[in-house]
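Structures follow.
What follows is a pair of complexes built around subunit A, which joins subunit B in one and subunit C in the other.
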Partner chain A sequence: MLDILSHLGVGFLNCFQPVNLIFLFVGIVVGLLVGVLPGLTLVMGVILVLPFTYAMDVTPAIVLLTAMYVSGTYGGAPTSILFRIPGEPIHVPLLWDGYAMAKQGQAAKALGWTICAALVGGLFSAVIMVTLSEPVAKFALTFSTPEYFAIVLFGLTSVVSLGGGSLTNALISLFFGLLIATVGVDATYGTPRFAFGSPILMDGIEFLTVMVGAYGVGEVLTRLGEGFTTVPVETVGAMKTRMPSFKEAWGIWMTFARSSILGTVIGIVPGAGATIASFVTYGVEAQYGKRKEEMGNGIPEGIVAPQAAATASVGGALIPLLTLGIPGSGATAVILGAFLLHGIQPGPQIFITSTAMVYTVFASMFLGIILMSVVGYIAIKPLVKILDFPESVVSTFIMLLCFIGAFSIRNSISDLWLMVAFGVVGYVFEKIKFPIAPMVLGTILGPLAESSFMTTMISFQNDWTIFFSRPISGIVMVLTVIALILPLMKKYRKIRHMKKAT
Partner chain B sequence: MPMEKIKRIIPYAVVLLTSVFFWVLACRFACETRSGNLGPDFWPKLLLGLTMVVCLYEIAKITLFHRDQASDDDAGEVKAEAPKHYPGLLIIGTLMTVAYVYFVSILGFILCTFLYLVLFMIVGRYRKVWVIAVNSVIGTVLFVVIFMKAVYVSLPLGQGPFQQFSLLILKMLGIR
Partner chain C sequence: MTAKREYDTPGIILAAIFILLAGIFLNESRNLTDSDSYVFPVAICTAMIVFSIIFIVWNLLKPHPDREATLVPGSTPRRVGLVALMMISALIMPYVGFLPAGIGVFAALMVLAMYEPWTWKRAANYALICVAIVTGFYVIFDIVFLVPLPEIPF
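Right, the complex of A and B next:
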């Protein structure tokens, strides 16, 4: 523990270096802006900033992206509360109590509760992240390929099962993503697969190209198809934030604690990001909270629960990324991409090889959360004013960033063609209700899934029972099966319930 | 078979047929493996096989148990008000994006980007000409300076006279 604290101390000192501090601030501000703009999702924002990090050192690059990720979970809260415009799906639960509280003339108080919740949830998850990461990484050093395959499989299935919507569509999306990852020269035998003689396809398809296309181009095309209908914003008059008193906050300490813990845990589970954390904790509060009957009528618990959980999920999501090299969400996948672009492979070894960098990122989380709260408190007016930007102008620049992002990965026009193709795929997926996240995570985790599976098969003479007979991989495989069965049971219960009702 | 059923089956049928096509391709991977070892075609075939199974299941479900009003997945969900659709804008925007990718290596990043910014904003139903012009010029210059001078991305310069034009602009910006 003392080791961790001393590393963290060094991390804080590194954080105060001007370059890191500047990028931390930039990340916080850009994250807040991304959270406000309805056409720009958090994942898209992080993807679009990625090309700017190419010429940067790895530490400020990761600090920048992580800061964006943290503040993006708060950015859309003010517009949800004040104008009923959630910048992100994360903030939809804030409409129920936050907007209701604002309508009662307590908008300043509602905004204060949101900042307070983000601060508490974020700091709590940062503490958990620092405390757990190194022990988890040490434990992960004992893992072999069957364990890695089991963990990746669990990550992929939880993305499928937690995504909501149709399970079969999510599975098809996932298999498609995994298949994209097979394009190029096979790592085990050196055989070209689905390359059609194209040199760029021989090198494989970069997951960042898929992400930029499916999330960036696909989303802009979807919104263009809807005519870029920006909602006009009411006048920004006397807009300020009033923080709750300590006594008021202490009065609902249970909500803070419950939501922060749940948010962090949900963040750790691959595929369940800030949005799921936000909805689940609101649901838990509505079911088990002290004032469950009043939920939806503008009470602080309804604001604190989703916001604390959303921000807390960030610290949780960084744990599997840093300790196992497995991203559980779109934003962490981009952060993984930034690591890889700088020649660093996240995983248990990173705590040995890049200790200073890891702890600087940890320290930046603490500073970032505090800075986000301060900026959110002070800059509420200009932040909300961003909504006045015409969507077509913003979207045009998003497209431009997509072009540069995809091109600069390998300096190849072919990647631009691939990006456009995946943009169309993203648009079509959106239209036919196929989720994009499983495809993207399949593309990212595909190589790791295949290599760990093939190596296991070669090492253990094609004995597939090895995945179940080793204790850790066995437990994870059982969790995987549960993750697949749960949504089916939920659906079955829903149908039965509906049949009974009719 | 009712039209609604066919509409719902089409995406799965397309995915199924595509999977069959790729399965055939996977059968042709040229590689010699030791007997008993899994070859490079195993993993893709496993994925394609699973995709086919899922598609067949969904097609069977729609054909045999399809309900008229809503699918099981949508059951109980309140339908939100559907947004307006502008297919014309979408087609033009997509074609413009394809054209950008095609022309960027001929016209160069600077000229192509400027034109794209102007046209995409117009297609996006924005009509303030001065704002479009200023945004496009400043945007192009800013991106060129940031990415070519600070981030060192080698953006396309174009061919022939367009390359000369790009080099002139870069010289004016103090990049070359």
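Right, the complex of A and C next:
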């Protein structure tokens, strides 16, 4: 524990270096702006900022992206509470009580509760992240390829089963992503695969190109076709934030504690990000909270629960990313991409090889959460004013960033073609209810899944039972099966329920 | 009153495309020089075909009465225009350079994305924004970050 604290101390010192501090601040501000703009999702925002990190050192690059990730979970809260416009799906539960409170003339207080919840939830998850990461990484060092394959498989299936919607659609999307990942040279045997004589495909398809295309271009395609709505922001002049007193906050400590713990745990689970955390905790509060009957009528518990959980999920999501190299959400997938672009493979080894960088990122989480609360408190007016920005310029700006982002990955025009192609794929997926996230995670985790599977087969003479006979991989494989079966059982039960009702 | 039986036609078409795609990959995997290199792709293709068939059969047998089977209405010409513009810019960029191609495409995209009526003032403002943003990006990425964006060849 002392080791962890001393590393964290060094991390704080590194964080106060001007370059890290500047990018931390920039990340917080940009994350807040991304959160405010409806339609511009957090994942997309992180993707769009990624090209700016190419020329940076790895530490400020990761500090910038994680700061954006943290503040993006708060950014949409003010517009959700004041105008009933959730900038992100994360903030939908927030408007149920937040907007109701604002309508009762307590908008300033509602905003204060949001900041307070983000601060408590974020700091709690940061503490858990720091405490758990090193022990988990040490444990993960004992893993061999069967364990890695089992964990990757669990990550993939969790994304599929927790993604909501149809399991079949999600599985097809996942396999499509895995198939994309097989294009190019096979990492284990060095065999060129599925290039179909095209030089564009010979070097493989970068998962970042897939992400930029599917999320960035796909989103602009959707927005472009549907037209834009200009949001009336007349009440900006009357905007204020009033923090709750310590006594008031202590009065609902149970809500703070419950939501922060739940948010962190949900963040750790692959596939369940801030949105699921915010919905689940609101539901839990509505079921088990002290004032459950009043939920939805504008009470602080209805604001604190989703916001604390959403911000707490960030620290949770960073644990599997840093300790196992497995991204559980879209935003952490982009952060993984930033690591890989800088030649660093996240996993247990980075706690040995890049200790200073890891702990600087940890320290930046603490500072980032505090900074986000301060900026959120002070800059509420200009933040909300962003809604006035012309949509056509915003969309074109996004496209330009997509363009540069895709090009800069390998300095190749071919990636622009691939980006456009995946933009169309992303748009089609979005429209016909095929989730994009499993496809993207398939392209990221596919090579890791294949190499760990093939290496296991080579090491254990093609004995596939090894995945089930080793204790850790066996347990994870069972969890994988449960993760797949559980949603099917839920669906079956729902159908039976509906049949009974009719 | 009975609900109208709606097939998820776009979904069924997409699943059929996936079956075709997996078939093409399966066929191509027979030509791989190393026999172990096809283990993983073949497993994925097979799974993709199986789940796509399940999707199609399920949708044909149990059409969802409440399912939105058609694409969300919207301006298709604008969407097609965007894709066409992106392709044109990828095509011309190596020949004319990032800056001219970027400004041209950015301006065209703004026109495409504009849902409000144009005025002279607005047009002038947007033209300025367009030149400023693209030039700004060029300076940041090409000069500061040293990303070798395609240069003007003359």
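Keep this in mind: the second predicted complex is superposed on the first by the 494 of 502 C-alpha atoms of A that agree within 3 Å, B and C clash if a C-alpha of one lies under 4 Å from a C-alpha of the other, contacts with A are read in each partner's own complex, and residues count from 1 in each chain.
The criterion applied here is as follows: contacts are C-beta pairs under 8 Å (C-beta built on N, C-alpha and C of every residue); 3 or more make two chains touch, one makes a residue touch a chain.
The structure displayed is predicted, hence computed values, not measured ones.
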Answer with clash or fit: subunit B and subunit C placed together on subunit A by superposition.
clash
Counting only touches as set out at the top, which of subunit B and subunit C does A:C116 meet: first, second, both, neither?
neither
Give one of first, second, both or neither to describe whether A:S392 is in contact with subunit B, with subunit C, with both, or with none.
both
Applying the document's definition of touch, where does A:L178 land relative to subunit B and subunit C: first, second, both, or neither?
both
Would you check which partner chain A:A126 touches, where first means subunit B only, second means subunit C only, and both and neither mean what they say?
neither
Please indicate which partner A:M211 is in contact with in the superposed arrangement: first for subunit B, second for subunit C, both, or neither.
neither
After the superposition on A, what does A:V361 contact: first (subunit B), second (subunit C), both or neither?
neither
Set intersection of subunit A contacts, subunit C complex versus subunit B complex:
51-52, 54-55, 168-169, 171-172, 175-176, 178-179, 182, 186, 188-189, 191, 193-194, 217, 220-221, 224-228, 391-393, 395-397, 399-400, 403-404, 407-408, 411, 413, 416-417, 420, 423-424, 432-434, 450, 453-454, 457
Interface with subunit B, subunit A side, in the complex: residues 51-52, 54-55, 165-166, 168-169, 171-172, 175-176, 178-179, 182, 186, 188-189, 191-194, 217, 220-221, 224-229, 390-393, 395-397, 399-400, 403-404, 407-408, 411, 413, 416-417, 420, 423-424, 432-434, 450, 453-454, 457-458, 461-462, 491, 494-495, 498
Flag every residue of subunit C that touches subunit A in the complex, lowest number first.
8, 10-11, 14-15, 18, 21-22, 25, 28-29, 32-34, 36-41, 44-45, 47-48, 51-52, 54-55, 58, 71-72, 74-76, 78-79, 82-83, 86-87, 89-90, 93-94, 102, 106, 109-110, 112-116, 126, 129-130, 133-134, 137, 140-141, 144-150
Subunit A residues touching subunit C in their complex are 51-52, 54-55, 168-169, 171-172, 175-176, 178-179, 182, 186, 188-191, 193-194, 196, 217, 220-221, 224-228, 230, 391-393, 395-397, 399-400, 403-404, 407-408, 411, 413, 416-417, 419-420, 423-424, 427-428, 431-434, 449-450, 453-454, 457
Complex contact set, residues of subunit B against subunit A:
11-12, 15, 22, 25-26, 29-31, 33, 36-44, 47-48, 50-51, 54-55, 57-58, 71-73, 75-76, 83-87, 89-90, 93-94, 97-98, 100-101, 104-105, 113, 116-117, 120-121, 123-126, 131-132, 135, 139, 143, 146-147, 150-156
